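Since the structure comes first, as structure tokens, the remarks are kept for the end.
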Amino acid sequence: MPRSHPPRHPDADAPIAGPARPAQRRWDLAALRRRLAIGLALSAMAILLVLPLVLIFTEALSKGLDIALEALAEPEAWSAIRLTLTVAAIAVPINAICGTAAAWCIGRFEFPGRALLTTLIDLPFSVSPVISGLVWVLLFGANGYFGAWLDRHDVRIVFALPGLVLATMFVTFPFVARSLISLMREQGAAEEEAALTLGANGWQIFVRVTLPNIFWAMLYGVLLCNARAMGEFGAVAVVSGHIRGQTLTMPLYVEALFNDYEWIGAFSVAALLSMLALVTLALRMLLEWRIERDRSAGV
Amino acid sequence: MMVEMRDLRKTFGAAAALDGLSLSVGKGEFLALLGPSGSGKTTLLRVLAGLEFVSSGSIAIGGRPIQDVPARERQIGLVFQHYALFRHMTVARNVAFGLEVRPKRNRPSAAAIRDRVAELLEMMEIGDLGGRYPDQISGGQRQRVALARALAVEPALLLLDEPFGALDAKVRRNLRVWLRALHDRMGLTSIFVTHDQAEALDMADRVAILRAGRIEQVDTPDAVSRHPANDFVREFMR
Amino acid sequence: MTRRSALPGFGLTLGITLTWVSLIVLIPLAALMLRPWELGFAGFWASVTEPRVLAALQLSFGAAALAAAVNVPLGLLIAWVMVRYRFPGRRIADAVIDMPLALPTAVAGIALTALFAPKGWLGEALAPLGIKVAYTPLGVLMALIFVGLPFVVRIVEPVIQDLPVDAEEAAAVLGATRFQTLRRVVLPALAPALLTGFGAALARGVGEYGSVIFIAGNRPMVSEIAPLLIVIRLEQLNYAGAASLGLAMLAISFAILLTINRLQRRMA
């Protein structure tokens, strides 16, 4: 329902408003203001947020769909896609499981240091992506604290898959825990306590009572975690070493192509990543609607 | 005696929730815990159910000390104030829950569970609601589901936390009579919490009046209203 | 130590959580805290006060602050329109707001660069006006406006939602013009949220890397952001220098956020 500003009491401005039909004029003014605000907001969003997206697909397809698909079929492109999927397939489940464990102990128990622990879990969100990569180089890089030891034992972490996974885990660390903790605290422990008095053990309580109640929120966290894991650039850029065909994830491959003036290739891979973003946004809308239902007061 | 509580003490931070509380409940008795909010009624129920732990004191049920028995092994039925039904399960699954989570060796067969659930729902006069979800039924019906769910595991003791608190006056009156009849018919031992003295006097065999974690008086409704032990009880029963 | 709860699994889940937090967050950040000091304090100080570093820090924090300042009115307008008005396509517009959070930063980076490049859709239009965006500090600003916008909108939206309409109505009935109502009634109520949004956009902008480096041009002393300097130092195997700069950035960011928190508490 349109909510224009409330009409004023007629007496309030009767002495001021000279023209014949003041009420009519005020209404026009309100409608005008409304249109102006909507128009301004939408054009700003169109230029700032939509135009870049349009450009990506336009550029990718500027020489036709065949050329764009060809760029994606390159062996290096395939290797980037595979690597991105591998990194996400390791980092996301670990963060999801540990995030759920964190939500259980933070959302269901009172203990000293609980607030601190919550803050620590949120911490990666306020750290620059580059620093999120840097910390792993400081630990495991050639000059890092464990660099010499790793070198002697011929273990590669930085400039290899483990480094990419660790950096990705750091930046996607809070997603699942965060979306679950607030929900679990809101829902309260009554259903779990009821299950307990009925004789259920811990695992039964979790699987039969807790999990169905937090399922959609968990999926939501996993969705955002995955989108970030696949799209992360800064943190993995630092630990990747940029070895083509080996340690370039899709976003890093976009960078490499762009810097080599391989315009179509860069935008084709970018378009693929954009589609991931669009699908993520669409699913997110659906999930938010679902979670609202879970959030609405318990029975 | 069915339930023996001796000198129970419990503190939340600095405040004492239970302050040396002793109380006995006989087999088959229907006991009302009455008191203003914050007097420790709900805490006492949660302690009995094993959801909270006392700092000192002892509890025995049927002569067996239970303070170190975990909640899931106590066999005590608890009906929560807001029912705490499992919102993603149908009414029938809610009622079946306590039987379904039993270890395999003493879990009834699926058919036996189904029959038991049907029987309970029938007894609660909600036999046709088995397929509904908790958000599709009324408050009074939820109350009956919660009761059926608690009774499914055949508890030695039934605890009810403000069972009618969320219901409107008319539904309350009907449920009162019905619940008391059910208690007698099934031979239950029940403790129920309320802050409504009319309700307590109307339903209970005995009434225990709590203040600040202590029992002020325990007696029959008649005796409590005729011979209040002190000013607090007199004031509260008015 | 802990208040005993009857629910099981506390020890197990706390154990998992502490291990996870320690391995992935605490130990790595400890390395960041420790590494700079092998230079001694003087070395650390020299490392973060090099002219090139100071220029980069100034650009990173300055552009991020400016971008956040632009995003406050822009985000307020968008949030207001999204909450108060119903119009066709509103749901899609709502999803579009999160685009900068969903789009991988490198993708946003090359798209913004192509858009504002001298031959790009917008770059070509701005060139006759003598405005160069790509490969200048202005490009950094544009990229940071892009990434910061959703923070302001999403933080302000719920506050507008909860704004008591009767206060506005009362003001209107008392004869206030729409503008007076906005300035005297609405804005003060929104100020704490706007400040929080400003802080969030600022914090995000300071550390931003992917969407900036393509459009920035990365000329030392002119359009080189601080995170890029960290990368460059790492490539030179100057770990202590990289860690120093990283630590300095974190410290300044937290100091700013703390100040904003204080300010906000005083307002609320």
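For clarity, chains are labelled A, B and C in written order, and residue numbers in each chain start from 1.
By definition in this document, a contact is a pair of C-beta atoms (placed from the backbone, for glycine too) under 8 Å apart; a residue touches a chain by one contact, two chains touch by 3 or more.
Model, not experiment: these values are computed from the prediction.
**Student:** Based on mean C-alpha positions, which chain is nearest the centroid of every protein C-alpha shown?
**Tutor:** It is chain A that sits nearest the middle.
**Student:** Looking at C-alpha means, what's the farthest chain from subunit A?
**Tutor:** B
**Student:** Counting only Cα atoms for the centres, state how far subunit A is from subunit C in Å.
**Tutor:** So the centre of subunit A lies 15 Å away from the centre of subunit C.
**Student:** Determine the centre-to-centre distance between subunit B and subunit C, using the mean Cα coordinates as centres, and give it in whole Å.
**Tutor:** The computed centroid separation for subunit B versus subunit C comes out at 53 Å.
**Student:** Provide the C-alpha centroid distance between subunit A and subunit B, rounded to the nearest whole angstrom.
**Tutor:** 45
**Student:** Find every residue in subunit C that makes contact with two or more other chains and list them.
**Tutor:** Expected reply: 6.
**Student:** Send over the residues of subunit B in touch with two or more other chains.
**Tutor:** In subunit B, residues 50-51, 71 touch at least two other chains, as defined above.
**Student:** For subunit A, what residues touch not just one other chain but two or more?
**Tutor:** Those would be 193, 196, 201.
**Student:** In the complex of these two chains, what residues of subunit A are touching subunit C?
**Tutor:** That would be residues 1-3, 5-6, 8-9, 12-13, 16, 33-34, 37-38, 40-42, 44-45, 47-53, 55-56, 59, 97-98, 101-102, 104-106, 108-112, 117, 120-121, 123-124, 126-131, 134-139, 141-145, 166, 169-170, 173, 189, 192-193, 196, 201-202, 205-206, 227, 230-234, 237-238, 250-252, 254-255, 258, 266-267, 270, 273-274, 276-278, 280-282, 284-285 of subunit A.
**Student:** For subunit B, which residues count as touching subunit C in their complex?
**Tutor:** Against subunit C, subunit B makes touches at 50-53, 70-71.
**Student:** Could you please specify the touching residues of subunit A with respect to subunit B in the complex?
**Tutor:** It is residues 190-191, 193-201, 204, 208-209, 212-213, 298-299 of subunit A that touch subunit B.
**Student:** Write out the stretch or stretches of subunit B touching subunit A in their complex.
**Tutor:** Going by the criterion above, the answer is residues 49-51, 71-78, 80, 82-89, 97-98, 101-102, 134-135, 142, 149-150, 152-153.
**Student:** State the interface residues of subunit C toward subunit B in the complex, per the touch definition above.
**Tutor:** Per the stated touch rule, the residues are 4, 6.
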